[in-house]
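Presented sequentially are two complexes of chain A, the first with chain B as partner and the second with chain C.
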Partner chain A sequence: MVFNSIYFLFVFLPIALVLYYVIPARLKNLLLVIISFLFYAWGSPKSVIFLLFASLFNYASGIEIEHLKISRHTDAAMKVLIASASANIVLLASFKYIFDDMPVGMSFFTFTVLSYLFDVYGERTGAQRNPVNFILYVSFFPKLLSGPIVQYADMEAQLTNRKADPDKLMDGGVLFLVGLGKKVLLADALGAGFALLGQAENSILGAWLMMIFYSLQLYFDFSGYSDMAIGLSKMFGFEFEKNFDYPYMSLTVSEFWRRWHISLGNWFKQYVYFPMGGSRVSDVLILRNLLVVWLLTGIWHGNTFCFVVWGLYHGAFVILERFVIKGRFDGFPKALRRLATCLIAGIGWIFFFSPTIPSALRVILSMFGGAAFATRTAVYVLRSYFILLVLSLIGCTPFGSFLWNRLFAENNIGLNEHVLAFIAVALRLGLLILCTASLLGSTYTSFLYFKF
Partner chain B sequence: MRETRKRRKTPVAPWIYVVEALKWAAFAALIIMLILTKASTRPSKTGFDEVKAAVTKDADLDNTKESDMLLLKRFYSLDSSEYDGAVYYSPKTNMGAEELVLIRLKDAGQSEAVMEAYNARIRNQLSSFEGYGVDQTELLKNAVCDCAGNYCLLYVGARADKVQSAFRKAL
Partner chain C sequence: MNSSETQIPESRAARRRKNRILREQKRRRRLNYITGLVCALFIIVFTALSALTPDKTFSANENRNLSQRPAISVDGLMRGSFFSDTATHFSDQFASRDRWISLKLAYDKLIGMKESHDVYLGRDHYLLQKTVEPDTKALDDIANAVNSFASLHSGLSTRMLVVPCAAAVLPDKLPGSAPVRDQAADIDAFGQKLSGVTFTNASEALKSSNDSRNLFYRTDHHWTSYGARTVYEKCAPGLGIDAPVTEFDEYLLSETFLGTLGSQSGSFRRRDTIEIYVPKGCPNYYVYYADQGKTVSSLYVRDKLNEKDQYQVFLGGNHPIVEIHTAAGTGKSLLIFKDSYANSFIQYLVPHYDTIIMIDPRYYFNRLDNVIQANGITDVLFLYSANTLLADHSLSVCLNASA
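Moving on to the complex of A and B:
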């Protein structure tokens, strides 16, 4: 099941919430596990078997590692950690790269359980003895399919001690709605424009539009999903950090990666970069550490060479900024630096959406003059989608949030409080109606990050 | 003295061996499941012409014509030379929504890109017909996009269920 379906919005979610809020506290986690398994089973029942067995495997590994560490068999604990982590990685690699039949969310699941095993071994936290709590950590349905990748140490306390109240329900609901709007009203519409461009012959305008449309579609698709996941979690009392922070406003590529898919960046930092020494080693070792992290980031995303190139491409810019540029452009106008960062990220996305390196290079070549200026399709798409494009570009900035705060949180227009509250509710209701109408009138569209 | 005591190993509890055994039993079950899944999606040995005959037999292709592969490239961005076989029945007129594409993949890894191209085409056609082409919209909403083994089928037209089952049966 997916969040952007009528059935989820108007049947599954309301029933889940009502049940969650009426049952006794001691049964809430069990209920969430059942709901999560039902959610996962909806699209692919056989994947539930995978989820259950893989969860039990890692639950047992955690207990084993903790016991061996407590009884001072550190070498044995390390062996169990290596064997268990390898088993998880072998499973992921088999599904992803050999069998090509990966259950949705498996990459996220694997990183989630690896976080648990590393945290237990590193004594950042204790092993989870309660199987229901453990299975809830790995299978909690809002984050199961596409993250955010919540580290065990950050969720452990919330598994037994969290509060779900009407305020959280409301805040979570609003965040979910914003995410739904990003996905249904912006990402899907941009996706239709991108599909049209894909059918056109190459041209300079077409290639630029392809890059811009995909950059925007991917952002609204994935950040929309993340908003929905974090909002849903909040409705059930869980608090997770944001996964996107206006990445296209970044001044450098390094900053872009601190704002894009934040939970994945933190994961690599915590479990790969820091254990290798992070930045507290010689320049040569920092270089090695950065290359390893970016290579792994690329490989995590997909099984084609394009993803490896994409990962190393970004790694190269991060390394350049650290060792060569060293803030030399800090005096340049911010708008120019933002534009340059967006261009670098946008060219990177071309490797993301292209099936092969030559096809990616063809698009890049077309962008810089290797084709006719424009085709009829490219002009048609620009005209038809111009307003959407402008709205989407504005949506990438904090302008909307700034405006909302000025009007509603700070009440700068001096309206009566009740009137203001009424307008805010009416606007949100309007957004829900628009999203519902859009969902009813279209066929199902998946999330781009499901395939990773 | 205290430091020495702190570092001393204590015996491993016997139940840990049971946990270890159960854990690897769960992993073995996962691997078996993986192999069984793989076996069920193994490439079909049925020839391209045979599968083509099976799906076109039940399909309503009156409003379509068998087209050259340039149209497949234009409408789907799929290069037929990258596959073991491909056939495209395109709509005869701009007002037609009926079409059929059958592709034999070179490897299973191509299925994702083909399905994406199929879905993009359906989405695009839907946005073209939405609002005025009621019949076409209905056909598009019931379109078949299916990959099984090394074959991928897209069919928009009457008797979609029948065509899909003929496709599956032929593999």
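Moving on to the complex of A and C:
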């Protein structure tokens, strides 16, 4: 199941929450595991079996690694680590590159269990003895399908010791609602515009719009989903770090990657970059480390060559900033540097959405004059989506949250408290109503009269 | 916070700052709580309403059966269909579903969207179908099939009439910059491929109409009786009609017609009127529906006005073959290959032929020779809307099967 569905919003989530809050504390984790498996089963019942076996396998591996470590068989522990990590990676790779029906969320699942194995081996934490807690760590439904990729060390304590209080429930609920709005009202609508653009011939305007639409769609889709995931987790008492931090406000590409899909960046840093020596080695080795990380980042995202190019493309800019530019542009106006970073990221996304390298290059060529100026479709999309585009661009900045805080938390215009509460709540309820209408609207399928 | 709670007396400013932060936190919390309660209430109310109201079986607006509560079965659980069916059942039976759809459309319009589910939301409440991309390969097949039909039956006068869609005729009704093909050119390009056939492109006739507002329904993809009449009057020579009727009796059949485009786009509010124009001095006739084995004395099927698709009032919708026998006494008999656009055009042809045989190649799979001989056919007309013809696959199959 996905969060942005009527059934989840109106049936699954309310029931899950009620059960969770009435059940005795010692049963809460078991309940969450059952809910998570049900949630997973909703999309693909067969994958549940995979999820269960993969969880148990890694549960056993973790205990074995810890046992060997404690009894000072470090070499043997390393062997078990390599064997089980390889098993996970080979499984992921074979699903991703050979079979076409990868269980949903498997890329995220694999990184989640790898984090556990590495943390146990590196003695950041002990192994999880309680199988229910362990399965909950890997299968917790808010983060199961699309992350955030929570490292085991960050979640371990919360598995046994967390407080699910109404404060968190409400906080989480509001964050979920904001994420839902991003996904349903912005990302999905932008996606429809992007699809229209894809039907037309290439043009300068069309290519630029495609890049902008896709950049915005991807951001609101993914960050919206992350907000929903983090919000939901909070409703069940878990606190995770944010996964996006206004990435399109970044001044450099390196900064962009500290703000975009933060949990993935941290994962690579923790388990790939640092173990290879990180930045505390010679320049040549830093270069190697960065290239490895970016190559892996590309491969992780998808199974075509375009993703490899995309990963190395970003890696190239990060390396360039580190070794060549070295802050030489720091004096430039911030707006200009932000724009340049967005453009670099945007051109990168073209490789992300294009099926082949030549088709990506054609879009880029069109952007810089290799096509007619505009098609009717491009103008039509620009006119139809203008308001949405402006709203989305504002949504990429902290302006909305700044405004909300000024108006509703600080009450800077000094409204009557009741009026203030009424407006704020009406706005949020309005958001929920619009999301509901949009979700139902997407299930609207009028059968064209068969006898036309 | 902890640092300000040391034993040293706080400065007044620090205390004020602390109070302000506390106040903001309190306010934020209060807003979250009220939001949470209101939203929870909203969700509970709609879930309860959806669950408690009896399931509907059919949606008239969507013209489809709504999904029903799935039965639990091992097979359904294993394959996952039980889960997806449960979710679909809930959204199909959601309380006030149609109102939610309307709300979504209203919101889309508000933020400037100019189409909904592939239908243009045009000016003056026009809903317009998008122009079809011509299917070159299929068009060559059709042209070849029509040409060989014409040469095989060189004794018959073979004609073709192709009607553009509303978006091509009424560009000023399209929403701003909406991409639309030059359908008149598409139709002409097709006409170029024909030989031995008198070809008529209805674009000019429709575009030059004095009353362009009534040529097409606003909520349906068909032309109106008035649109059909306009083409009948202006294109008569090309259709082999020397003296078209000029006077008609006008009747209003319905003011509650919600057409396919209304349904497809989810805009249910606006309704169309259906009018008919009966030629003055129309001869007596009867209509025989072979598929139903039924004979009636009218082209119009009033019962269909009580159904969703009121356009079916014309000849009861589409049938594989319909025979019309008249007392016109002109000595001419017509065979029409057609789509649904012809249904509202037939009313003008009745005075000009003794027999009219309508064949819809999408549903007709028998040989044509018998039909042509048995009815003494003298004229053949292919009557299509461009949106059907330019992507059609059935006409060439039908003609070739009989060749």
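What we mean here is this: the second predicted complex is superposed on the first by the 442 of 452 C-alpha atoms of A that agree within 3 Å, B and C clash if a C-alpha of one lies under 4 Å from a C-alpha of the other, contacts with A are read in each partner's own complex, and residues count from 1 in each chain.
Simple rule for what comes next: contacts are C-beta pairs under 8 Å (C-beta built on N, C-alpha and C of every residue); 3 or more make two chains touch, one makes a residue touch a chain.
Since we're looking at a predicted model, the values are computed, not measured.
Undergrad: With the two structures overlaid on chain A, would chain B and chain C clash, or do they fit side by side?
TA: On the superposed model, which is not a single observed complex, chain B and chain C clash.
Undergrad: First (chain B), second (chain C), both or neither: which does A:R428 touch?
TA: After superposition on chain A, A:R428 lies in contact with chain C alone.
Undergrad: In the superposed arrangement, which partner chain does A:M170 touch: chain B (first), chain C (second), both, or neither?
TA: Second partner only.
Undergrad: Mind working out whether A:V11 is in touch with chain B, chain C, both or neither, as first, second, both or neither?
TA: second
Undergrad: Applying the document's definition of touch, where does A:L68 land relative to chain B and chain C: first, second, both, or neither?
TA: first
Undergrad: In the superposed model, which partner reaches more residues of chain A, chain B or chain C?
TA: Partner with more touched residues of chain A: C.
Undergrad: In the superposed arrangement, which partner chain does A:R383 touch: chain B (first), chain C (second), both, or neither?
TA: So A:R383 only meets chain C here.
Undergrad: Under the stated touch criterion, which partner chain does A:T436 make contact with: chain B (first), chain C (second), both, or neither?
TA: second
Undergrad: Touching A:L209, do we find chain B (first), chain C (second), both, or neither?
TA: So A:L209 meets neither chain B nor chain C here.
Undergrad: After superposition on chain A, which segment of chain C among 21-29, 111-119, 273-281 or 327-335 overlaps with chain B?
TA: 111-119
Undergrad: Do chain B and chain C touch any of the same residues on chain A, and if so, which?
TA: Of chain A, residues 46, 441, 443, 445, 451 contact chain B in one complex and chain C in the other.
Undergrad: Taking the complex as given, what residues does chain A use to touch chain B?
TA: 46, 49-50, 53-54, 56-57, 60-61, 63-64, 67-68, 70-73, 76, 84, 87, 91, 94-95, 99-101, 191-192, 195-196, 198-199, 303, 355, 441-443, 445, 451
Undergrad: Within their complex, state which residues of chain B touch chain A.
TA: 7-13, 16, 19-20, 22-23, 26-27, 29-30, 33-34, 37-38, 41, 74-77, 108-109, 111-113, 119-124, 126-127, 130, 140-141
Undergrad: Which positions of chain C touch chain A when the two form their complex?
TA: The touching residues are 24, 27-36, 38-40, 42-44, 46-47, 50, 61-64, 77-80, 83-84, 86-88, 90-92, 94, 97, 100-101, 103-105, 107, 111-115, 117, 175-180, 260, 263-264, 266, 309, 317-318, 339-340, 363, 388.
Undergrad: Tell me, which parts of chain A touch chain C in their complex?
TA: 1, 5-7, 9-11, 14, 41-46, 166-167, 169-171, 173-174, 177, 189, 200, 375-377, 379-380, 383-388, 391, 408-411, 417, 420-421, 424-425, 428-429, 432-434, 436-441, 443-449, 451-452
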